[in-house]
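Following this line, the structures themselves.
After this come two complexes, each holding chain A, first together with chain B and then together with chain C.
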Partner chain A sequence: MVNLNKIPPKNGRKYYVALGLEGSANKLGVGVIKHPFLENHESGDLSHDCGVEILSNIRDTYITPPGEGFLPRDTARHHRNWCVRIIKKALIEAQIKDPGLDIDVICFTKGPGMGAPLHSVVIAARTCSLLWEVPLVGVNHCVGHIEMGREITKAENPVVLYVSGGNTQVIAYSENRYRIFGETLDIAIGNCLDRFARTLRIPNNPSPGYNIEQLAKKSTHKDSLVLLPYTVKGMDLSMSGILAYVDILAKDLFRGNKKNKVLFDQKTGEQKVTVEDLCYSLQENLFAMLVEITERAMAHVNSNVVLIVGGVGCNVRLQEMMGTMCRDRADGKVHATDDRFCIDNGVMIAQAGLLQYRMGDIVTDLNETVVQQKFRTDEVYVSWRE
Partner chain B sequence: MSLPSALYNSKTFGEKKFEVDPSKPQYQTTNGATTGPSEHVLNAGQVDIDRPSEPKLKEDNSNQVTYLSNLRCQLTGLQDDINVFLTEKMELAKGKKIKVASNKDTD
Partner chain C sequence: MFKKQSLEKLNIPFETSKQASIAAQVLKPDPQLRPEEFKVDYSSQGSDLVVNFQSVDDRVLRVGVSNVIDSIKTIIETIDELQDF
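Let's turn to the complex of A and B:
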């Protein structure tokens, strides 16, 4: 039996308040959430229905010029120099007047992610914890995405597709762990899209993936996909081959290399494929690969509910394709959230961290707050679920 | 107010203490010499909107910097000193590695 009320709220209040700090990649997020203290949380598996109230959800993204990625050093500098300002903004919006009295727990991303940016944010978390005498909780970034998705959509026990710039995993819960059923064997889907965008100098604002999605909508040859190396290996998938191939096509398109038979008609020299068509074909191939491995995992655990989380998860075309597959499978359902919760944010770290805190899992020594670049989803003991 | 300091300790290089001299200009700014954006990003056309905020002045019109801003300035200078020191150590280690590799080649 799970008791989510193991630790009572501070100062005899009837609610918990958590501050969440996220900075594992190029987004710096600070969020404040509130959980009501409910008696029915003392017995039962209700971690997907905490009645969360979002008091603030502030995010600032480090954006580089078109054609460039984000370097760890510069991303860490962005987080370091904006962290205090973003925390202040989040506290004002949440109407937190005295953080030492009002906040139950400070949650930070412990990993996985880029070392330098993670480090910038954990220093801020440690400082706030010492300054306000508020306990700390280190959160696994992937678990943060899952718990936020479950809380927003109220999906009790879905198969989770986690798709972002650094991760691509199909996950299902079993015996206090989020087990990875399938994953990428090389690069993440978001990384594949970002690198393709760099070759075509597609802007990074608001995100390369969003701009690819908008370009794909304008494709005029949706009936004739450009053939790309579709690579699924059982429950896993590989995207480095598809990226290398589409990158060659993108470069030839960019340079106007008329010798390329896929892109130009060899007799007339007429261009057959546009940037928009390439974006569309790449999306269709990658998303079909994701749908295939997700369906295989669903068959394995006998489920018909999917939850899509992570930055790529707010792509409407991916949601559509997943929805079609789910409907074909015994009236299944796909759950997804919008960009406020899909894209990295502080609120999701607060949500998972507050669940951990309510189960009595807090940092007792600052040595435990050392961040980890590699921190797999299944390493976390999920004490807040049956 | 006590000044911040840092201590480096290594079996190979021994001990080195980093201390702040508040009279020197590098401990009076929030713009460090080694903590700016990387050249690669600036050459790609990045506009630096992420620089640290300027030190805040006290509200009593005394033209004095607040306690926390003063600390921020001193830490910026201290970070510069540490970065320069560690970069030197890295270069030294790199040089040693190259020397060992070239010795192996001649053997």
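Let's turn to the complex of A and C:
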């Protein structure tokens, strides 16, 4: 039995309040959440049902011009510029009067992510902690996504597909760890889509992946896919080769290289494939690979529920394909959240951090708050689950 | 100590000694990426934050000092805006 009430709320309150700070990539997020103090959390396995109330969820994204990615240095500068303003905004929206009295714990992203952006946020987190005399908790970004997804969808023990700009993992829980069943061997799926968007020079606003999704919808040749490498390696994936290949196709298309047999009819010289078709085929191909390894993981752990988290998880087409697979399995179900919780945010860090805090896991020495660029999901001991 | 070295010392005044001590505590934990080229030491004396830099040459020193100042700016903004929220 897990006792989530080990540490009582501050000042005899009947609820916990946590502040979450996230800045591992180009999104800067600050969120404030509230957990009611419930008797039944004393014994049981209820970490997916905390009755969370979201008091504020503010995000600011560093958006680069079309054709450019975000570099660590510039992203860190963006986070430094906005961090304090966003924290202030989140506190006001959450109607926090005195942070030292009202907040139980400050949660920040410890990793994985880009070093410089992570560091610029942790500086603010440490300062707030010392100023207000509120304890700190360092959170694994991936675990943040998983816990937020579980709380929102109430999926008790799903197979988790974590797909974002920096990570691609199929995860299932077993014996106090989120175990990685399959992952990318090179680049993340979101990275693959983002970089293809750069080749196409389409805007990064609101996000490159969203714009690819919109282009893909307009494809007029959905019946005949452009053949792309299909690179599932056991339970793992490889995507860099696909990106290199589809990049060449896009460049040939822009240059009008009539020698390319895939793109142009060799007899008439007529163009057979459009940019929209490339986007569509790329998505179908990548998502089919994800569905395959997810289904295999489900068979391994005997589960029929999938939870999709991470930025790419907002993609409606991916949710649709996963849904089809789950329907074909007996009574399967897909859980996904919308862009408020899928895309990196402060609330998810607060959620995972508050669970950690309620189990008594807090930072006792600031040396523990040094950020880690590499921090695998299975390194975290999940004390809040059975 | 480095064979050839560049030195720099910064004194940053804060409003109170508590603030200076907070700043030193916040900055201390982060390790330097190249300890063989650049060393930095933080302490608080009264209401001043004292930062001592040691480096192999002026270029490395310049980059290092600039990074530390960026972090200090965040700390000062946080104290200014969020201390008496």
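The rule is short, and it goes like this: the second predicted complex is superposed on the first by the 386 of 386 C-alpha atoms of A that agree within 3 Å, B and C clash if a C-alpha of one lies under 4 Å from a C-alpha of the other, contacts with A are read in each partner's own complex, and residues count from 1 in each chain.
Everything below uses one rule, namely that a residue touches a chain if its C-beta (ideal position, glycine included) is under 8 Å from a C-beta of that chain, and two chains touch if they have at least 3 such contacts.
Model, not experiment: these values are computed from the prediction.
The superposed arrangement places chain B and chain C in clashing positions on chain A.
In the superposed model, C is the one of chain B and chain C that contacts more residues of chain A. Contact with neither chain B nor chain C is seen for A:244 once the two complexes are overlaid on the shared chain. Legend: residue contacts after superposition of the two complexes on their common chain; A:227 is shown touching neither chain B nor chain C.
By the touch criterion stated above, A:62 is placed in contact with chain B alone, chain C being left untouched.
Of the two partner chains, neither chain B nor chain C is touched by A:185. Once chain A of one complex is fitted onto chain A of the other, the partner contacts of A:299 are absent, as it touches neither chain B nor chain C.
In the superposition on chain A, contact of A:316 is made with neither chain B nor chain C.
Of 2-10, 38-46 or 56-64, the chain B stretch that intrudes into chain C once chain A is superposed is 2-10 (criterion: clashing C-alpha atoms). Contacts of chain A with chain B, set against its contacts with chain C after fitting on chain A, overlap at residues 77, 80, 85. Remark: chain C residues 22-23, 25-31, 70-71, 73-75, 77-79, 81-83, 85 touch chain A in the complex.
On the side of chain A, the complex with chain B involves touching residues 62, 64-65, 67-68, 71, 73-74, 77-78, 80-82, 85.
Of all the residues in chain B, the ones that touch chain A in their complex are 35-38, 40-41, 44-46, 50-53. Within the complex formed with chain C, the residues of chain A that make contact are 77, 80, 83-85, 87-88, 91, 96, 98-99, 119-120, 123-124, 126-128, 130-132, 366-367, 369-370.
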